[in-house]
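My questions will all concern the structure given below.
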Amino acid sequence: MNAITILFLSIICLGLFLSFLRMLSGPTAPDRAVAVDTMTTIIVATLVLVAFILERYIYLDVALVYSLISFVGLVALARFLEKGF
Amino acid sequence: MYYLGVVVTGVGVLFLCLGGIGLFRFPDVYNRVQAGTKCTTLGAFATIIGVGIMEPTWFWKTLIIALFILATNPISSHSLGRAAYKSGTELAEGSVVDMASEFEEYSEE
Amino acid sequence: MSFLSSYIYYIGAFGLIIIGLLVILLKRNLIKVIIGINLLDTGVNLFLISTGYLKGGTAPIFSPGYGAVPSAMVDPVPQGLVLTAIVIGASVLALALSLGIKVYDHYGTLDLDKVRGQRW
Amino acid sequence: MKELLSLRGLIALFLLVVIGVGIFSAVGKIPFGQPDSEVGSAYLEDGRQETGAANTVTSVVVGYRALDTLGEVAVLFIAATGLSTILATSKKRIDRKLEDASLVLKTGCRVFFPMILLFGAYLFIHGHLTPGGGFQGGAVIGSAFLLTYLGCSGRRVSRTASRSLESLSGFGFVFLGLIGLMVGESYFLSNFLPKGELYSLLSAGIFPLIYILIGLKVGAEFAGVIDSMIEESR
Amino acid sequence: MIIIATVTVFFMLGAALSVFFFKDLMNAVVASSLVSLTATVLFYLLQAPDVAMAEAAIGVALVTGIFVVAIRRTERYEK
Amino acid sequence: MSKVKSFFYLFSVLFLVWLGFTATFQLQELALGLTLSFLLSLIFYKTYVNIGFPPLGIKRFVFALIYIIVVFKEIIKANLDVAYRAVHPKIPINPGIVIIRTNLNGDVAKTVLANSITLTPGTFTLDVIGDRLLIHWINVESKSEEEATKLIGERFERYLRIIFA
């Protein structure tokens, strides 16, 4: 946990904050879903970075779950919005 | 080796932030998909691989996380874009061309 | 700042519990009430986990290359409890939603004011 | 906003303030970051020698507190059965034209389905070594079945298969416990198999077996829940 | 670490409050999936990877899917 | 592709993925991985017979490596482009929806093409019907079908045609 990692986490927080604003203000439902998709991807990167800071190898499994599963929920939302399923 | 990892991670983190900025500034859903889910794909890829370079024993696990992100993210963004187009979201003002109505004719063949 | 660093997780958990109760008490739509129950569930889980946190501790998992002593690990008992509580929460949520579907079939609406005797 | 300003909203806000002050004064005094639970530290100190599992949470869930887990598994079974019973009497059908899934989604679903199943299996087999376990692995497998319903329309889970898998794994759980009652130290779910070497795959006695059964059960249960919710209401 | 915890708690409470104000139930479901996402990060920072994994696997896919199925079966807009 | 080939294809892919999950070469893990991949591919190989995976070969493998490098180059180039558009104060975009054609057949080939187009920011696939793809383009340079095909699809399709031939 040195200055460089603090800098990295701050930049990531800025990106997360902008996507969160889009989630709150997006005019339509697809906008909000896209914002949540973006936040998911950013958070996977954050989890790997935090695992590096905490120096635990086994924490990477949580990021692996996200990278494999996170698209299922968004696909469910998308299939409802396009009136399929 | 460590400094190479720091540089790669830094580039990835910058792209994550740029994805957020693009998502916030672009005018309609389609452009937001462009910025939001794909700048962050490259950003997440570079960040995770950079961590793997910094800590060489973690490399294989980080590589497979990055590959899964690279493989699953296009599917979800394609589905969201298709949902926006099928549910009739309008293009932003200033768009040049919209050939979606011509494309509908192919589906009936 | 020290207040934040020591109580930020409690603030999150209590805030989530209060907002969940607010949604449950004030909203009339049945599905939104169930979303409120989900929020309340997450808040309670977060509170239980944060009571077991040890400052500077690490996860209660021993691994070969990492020499952690047991006294520097967080409490495993709340984690074991919450682990099963999350799965049970999800399946009870599915049960509640199926009841909501039956209510919609019978009354033709999800508004709890119109469903007789369901709302104060 | 208008809910907040009605009479009901004001009463609810008053109630919330009372509840909030009550909760905060009751549990806000618990200091953050200094747990003083002797049970937890005892499990941490002795868990490795007694159970042979590297993950102490696993030894709490399926070792020290295994009887609680049996109750929780029973709750899961009751919830799934109740859901399918409630939805089975549904008469209403929605008849409308459905969009077909796109080619990318169909192919992606077919390619990723076995990988997600393999990942779920990895999670619940390595439950005593890594932060995984039966509940997480079962949820991942359930998500894989949700993906097939979204992508490949027309394919569905056989209901008898999911029911019988769920019942068989629940039965296996109880059966392992009864074997422990007969063979081992004569209590329910005693760890009668050899402990093995720490950090290797074949260690911790019956914990991997129990987690495999729990994983299959949770996965089959969620697959059944998704099947009932999607098919019965179509 | 405290930076990212504070920011995450802020997101979580914001998303939970926005559940209260959205009229479209799809938006409420999106916001509740965001709550589950941020709760995962908080569990992770509280050194509970098991719980974070369970919340990730259930909150992000299964609960969202089940809510979407129920909304498809009933009605989308809250009156 | 015949049934035996698709079985071994799925088996080797699953085993590689398992090696990535565990990231060790202990004997117990390898045996378990072999067993699980064998069981799963025994159940699911029928799904993969008609999906159109490419057969294996030295030339195809080399071209697949070249293809990966090309895709990475395009991704980085296009990402810089979109990042420039995002931070520019006036947001210089010129968006539109165009149609392109493809000569590929086979589900996997079309999916790989569509995903490559999606991954390079600036273009992304909205829909696929038959041999036509509906593309959203952030900076439309040409409205006609042939020009757009040449500009968007051709840089990937050159390699994919050899890999999936």
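Note that the chains are named A, B, C, D, E and F in the order they appear, and that numbering of residues resets to 1 at the start of each chain.
Simple rule for what comes next: a residue touches a chain if its C-beta (ideal position, glycine included) is under 8 Å from a C-beta of that chain, and two chains touch if they have at least 3 such contacts.
Quantities reported herein were computed from a predicted structural model and do not represent experimental measurements.
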* Can you tell me the least number of steps between chain E and chain F, where a step is a move to a chain it touches? -> 2
* To do: Treat chain A as missing and name each group of chains that still hangs together through touching.
  => one piece
* To do: Name the chain whose C-alpha centroid is most distant from the C-alpha centroid of chain C.
  => F
* To do: Average the CA atoms of each chain to get its centre, and name the chain whose centre is farthest from that of chain E.
  => F
* **Between A-B and B-F, the pair joined by more C-beta contacts** => A-B
* Asked: In angstrom, rounded to a whole number, how far apart do the mean CA points of chain C and chain F lie?
  -> 39
* Asked: How many Å are there between the centre of chain A and the centre of chain D, using C-alpha atoms for each centre?
  -> 23
* Structure fact -> Separation of the C-alpha centres, chain A versus chain C, in whole Å, is 20
* Asked: For chain B and chain D, what's the span in angstrom between their mean Cα positions?
  -> 31
* For chain B, which residues are shared contacts with two or more other chains? -> 18, 21, 33, 41, 57, 61, 64, 71-75, 77-79, 82, 86
* Structure fact -> Residue numbers in chain D touching two or more further chains are 55, 57, 99, 102, 104-105, 108, 112, 115, 119, 123, 130-133, 135-136, 139-140, 143, 146, 150, 222, 225, 229-230, 233
* **Contacts with two or more other chains, residues of chain A listed in rising order** => 12, 16-17, 33, 57-59, 61-62, 64-65, 68-70, 72, 75-77, 79, 81-83, 85
* **Set of all touching chain pairs, with the criterion as stated earlier** => A-B, A-C, A-D, A-E, B-D, B-F, C-D, C-E, D-E, D-F
* Structure fact -> Note: in the complex, chain B contacts chain F through residues 15, 18, 21-22, 25-28, 30-31, 33-35, 38-39, 41-42, 60-61, 63-64, 67, 70-71, 73-75, 77-78, 81-82, 85, 91-92, 94-100, 102-103, 106-107, 109
* In their shared complex, at which residues does chain D touch chain E? -> 1, 55, 57, 94, 123, 131-133, 135-136, 139-140, 142-143, 146, 150, 222, 225-226, 229-230, 233
* In the complex with chain E, residue positions of chain A that touch it -> 1, 6, 9-10, 12-13, 16-17, 20, 23-24, 29, 32-33, 36, 39-40, 43, 46-47, 50, 53, 58-59, 61-62, 65-66, 69-70, 72-73, 76-77, 80-81, 85
* Partner chain C, residues of chain E touching it in the complex -> 2, 5-6, 8-9, 12-13, 16-17, 19-20, 25, 28-29, 32, 35-36, 39, 42-43, 46-51, 54-55, 58-59, 62-63, 66-67, 69-71, 73-75, 78-79
* Spell out the part of chain E that touches chain D in their complex, as residue ranges. => 21, 49-50, 52-54, 57-58, 61-62, 65-66, 69-70, 72-73
